[in-house]
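Just below sit the structures, each encoded as structure tokens.
In what comes next, subunit A is part of two complexes: it sits with subunit B in the first one and with subunit C in the second one.
The block that comes next holds the complex of A and B.
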């Protein structure tokens, strides 16, 4: 009886352990591989060397890395600037065509990015804007696929805020603009920054769309890594992967520390 | 008579085809505490939101101290409101929460700080200025909300079920405190609640609401002892309602003879009750007495009854009785040890004519 009751529990624990194993294992192995002294990716690493890390900071890699960072930052900024009014519209107002506009805005969330990439490529060529290919196409495409993240997160923070807080401010003599400035915006700030970091991360880690619209010489780090994979998985790539992993991690940690987006990421609603 | 602090006339608010507020007239005197009491959906909160300006009326007028405010947005109405969920600003400290209204009014920082301190001390929260709302208990949040509403010295205080999120003991404490504060500040107040005991203990007058209308407006004792309708009688406290017919003309004290299924009765009539009319005879359980077991029946309003159940309430006993016609009646007796009641015992249930009240509605109507 006792063993029978324990079995499902044991199975669940095993599953959870396995899931964490598969999350952390690859990261651990990749990290280890990047310290190989040989020029092949052995695990366990043969010898210890920092030369691949040195290699990873060569201009060949720093340039796409910087490109990716700039692209992601600009994408996140635009997605947020466009996302805030859209989120207000979706969360607060009823208007004709709302369902359709919302579906179009959030569509890229469920559409394979690969499809969006091919479609964008086709579209720009067809309407004669093929020369936009490269940076502008990348930026437009990234904003399109990142916008749902900021809109959704901001809309959720608006909906989570009890409406009575704004009524209370109005009752205390605050005009609608001052309610927005002193109450609404401060309260959705964590949501705005969470949405911004989601957009940043999604842009920074995108490869599907970038693969189609990036021009040689203006390649994001992900595309650069993929191209280099043709020559085999060198330890440099391991080091680069870890760098690409650390950047979003650092961003989330910083925002969590200073703005408290942690509540947002981990669904701990704190209300007053 | 002084100008009313608030006057509502012919107030109507519809949501689609449904009239949530369906023609309300009400005047609140300066310094008066008026409670809007009713079940959920009766329109009490909608009425409050109309006064505050969060909703706009479809018809009717709202005047605050003689000034029409229907067209004014909430932030120009100068009212202090306390919300059911307190609606504190979670990102601001207690002091900034309380000082919010002063800041919006452009009160200088030094004066504002003094007034915030005074307001916090008024609600006994001295020293908590720097806390955030999340670090406060429910009762403390309630006090902050109250201080925030009062510090702006509003023309009127609006309280939207402010006690419903507190536990029982705290609720009873806050009842007394809010009442005392309101009396001291002499601020006209509208209090919305569905809790009859809050309404009875705190109000100068109670407006019992139902389906968007005021069913009865009066002092707590009037509402309790002379309910105008069966709804009001049933909503506040427990009550015995017995179908009756007026068979005699009222005497000098307004007491007339009635016929009921349980037996004849003498009871006080409301003005305008016609001979022969079908009415409802009401007696509160605490006014329904039980004859000493085996004793002689009293002269009037005395019906044989069987005690079906004795419910022990500590200081009091609730007795469920079965009358001769099969109807159930409730009586309440002090648990004074003088008489022991037991289930199955037969006795006489009786009441003084002055302890009853007749409602001019037939028993089967609602």
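The block that comes next holds the complex of A and C.
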């Protein structure tokens, strides 16, 4: 009886181990390849060298990396500033047209990012703002596609907050502004930061939008890596890939320590 | 809420006006104009305003384009199936395990979400190329003489996308398993059903909406994916996203590009309706 019960579970664990191998294998192999001593992406690596890691920090790559970081940071900031009032409206108010505005806000999650990109490219060109291509178009597009992440996360933290806390403060004589400043905002701060980091990560890892609106010289790291791939798969790219994986990972690990970002990721999905 | 709603009825509009205006101008209007322009004659990269079905006719009459469209949806379906197939056991394990490492295991299974698709696809190129991991291992074992040609291929694209989209399946199915009333499974087992039978008769059917949701999510992202098909595919394995890139950037032939974009928009809306219809049915049930 006991063995019969354990068997399916053992089988499941075996499957799960294989699936983890599938998930982590390519990332592990990419890491290994970056230490090749040759200039080709051999696996298993031939020899050991750190020169590709050195090359990954050359200006040619630092420039797009810095560009991506700045773009993602600015995008996350704007998405949060725009996202807080939206989240308040969705979580705290009933008003005509709410469903429509919510659909517009979350729309970029439904519409493929690539379509958002070509639509923006064509729209700006058609209305004569083609000169906005490059930085402005990138920033606008990234805010559009990252906004749903900050709005949803902030709205979740507003909904999770017991309304009685605010009523209590108001009942004790605090003005609405004081309630907002001393009760509401401190309580949703973790949610705001979680939303900000989701927006940052989504912007930092985007390729489908940037591909169409970025200009040479102002390219995010993902576009730079992709266009360099045409010239072959140098181990430098493996090193760069790992660097651009580590940045969001560090951000989440750091934030996870302070605000438990995992809870938000989880709740977000559960609420659809 | 303490604040009287009547006195503050203008408040929500004040809150949403600026963001909604921004989205209207930079998201809705561009998408709508892409849709309408797909039905217009183009002069290079500018729609002329003359209505025509030419763009769609072109896409649906040239084998090259039809094949790309068909390949896109086949890839999407295959990726959706594989994602569900692989993420169900993983999600089930993560929800049911009592391991101390549970949180770490969840984090690791979701970590790929933090990496750009490029990072995730690069590893597959290293594994599958002519001098790649698989070929060097097989050759050193003496199992093959000549390297296997695995790239570019549609299968490689499917494998790469499955890998990239697996976390979405895991999240969706975990949410569905977490929402399951544990008493139902207990009841089945107390009535004498084995663990395996309980799983197939109770757990699996009740989490079917999660399975369908995971499939549709992976499908929707897969049909518009660019980087993976661009890296693991080639001229013989074009999909809609790589074609759109050619139209919009290389050949500056925006008419058919807009038409392909329109096909993606319509598919996305159809998938959304399908998903919410399934969600409604689940609530009714």
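By our rule, the second predicted complex is superposed on the first by the 246 of 272 C-alpha atoms of A that agree within 3 Å, B and C clash if a C-alpha of one lies under 4 Å from a C-alpha of the other, contacts with A are read in each partner's own complex, and residues count from 1 in each chain.
Definition applied: contacts are C-beta pairs under 8 Å (C-beta built on N, C-alpha and C of every residue); 3 or more make two chains touch, one makes a residue touch a chain.
Since the structure is predicted, the reported quantities are computational estimates derived from the model, not experimental observations.
Peer 1: With both complexes overlaid on chain A, does A:183 touch subunit B (first), subunit C (second), both or neither?
Peer 2: First partner only.
Peer 1: Quick check for you: in the superposed arrangement, does A:40 touch first (subunit B), second (subunit C), both or neither?
Peer 2: second
Peer 1: Applying the document's definition of touching, compare subunit B and subunit C: which contacts more of subunit A?
Peer 2: The partner that reaches more residues of subunit A in the superposed model: C.
Peer 1: Once chain A of both complexes is superposed, is A:213 in touch with subunit B (first), subunit C (second), both, or neither?
Peer 2: In the superposition, A:213 touches no partner, neither subunit B nor subunit C.
Peer 1: Once chain A of both complexes is superposed, is A:71 in touch with subunit B (first), subunit C (second), both, or neither?
Peer 2: neither
Peer 1: So, does A:174 touch the first partner subunit B, the second partner subunit C, both, or neither?
Peer 2: The first partner, subunit B, only.
Peer 1: Would you tell me the residues on subunit A in contact with subunit B in one complex that are also in contact with subunit C in the other?
Peer 2: Residues common to the subunit A contacts of subunit C and of subunit B are 167, 170-171, 176, 270, 272, listed in rising order.
Peer 1: Which bits of subunit B are touching subunit A when the two form their complex?
Peer 2: For this pair, the touching residues of subunit B are 52-54, 73-81, 83-91, 100-101, 104-105, 132-134, 141, 148-149, 152.
Peer 1: Note which residues of subunit A are touching subunit C in the complex, please.
Peer 2: 4-5, 8-9, 12-13, 15-16, 19-20, 22-30, 33, 40-44, 82-83, 85-86, 88-89, 92-95, 98, 101, 104-105, 107-108, 110-116, 118-126, 140-141, 143-144, 147, 163, 166-167, 170-171, 176, 201, 204-208, 211-212, 222, 225-226, 229, 233, 237-238, 241-242, 244-245, 248-249, 252, 262, 265-266, 269-270, 272
Peer 1: Could you please specify the touching residues of subunit C with respect to subunit A in the complex?
Peer 2: Interface residues on the subunit C side: 1-3, 5, 9, 11-13, 15-16, 18-20, 22-24, 26-31, 33-34, 37, 45-47, 86, 89-90, 92-93, 103, 105-112, 114-120, 122-127, 129, 131-133, 136, 163, 166, 171-172, 174-175, 178-179, 194-196, 199, 220-221, 223-227, 230-231, 241, 244-245, 248-249, 254, 257-258, 261, 264-265, 268-269, 272, 279.
Peer 1: Looking at the complex, which residues from subunit A come into contact with subunit B?
Peer 2: So the residues of subunit A touching subunit B come out as 162, 164-165, 167-176, 178, 182-183, 186-187, 270-272.
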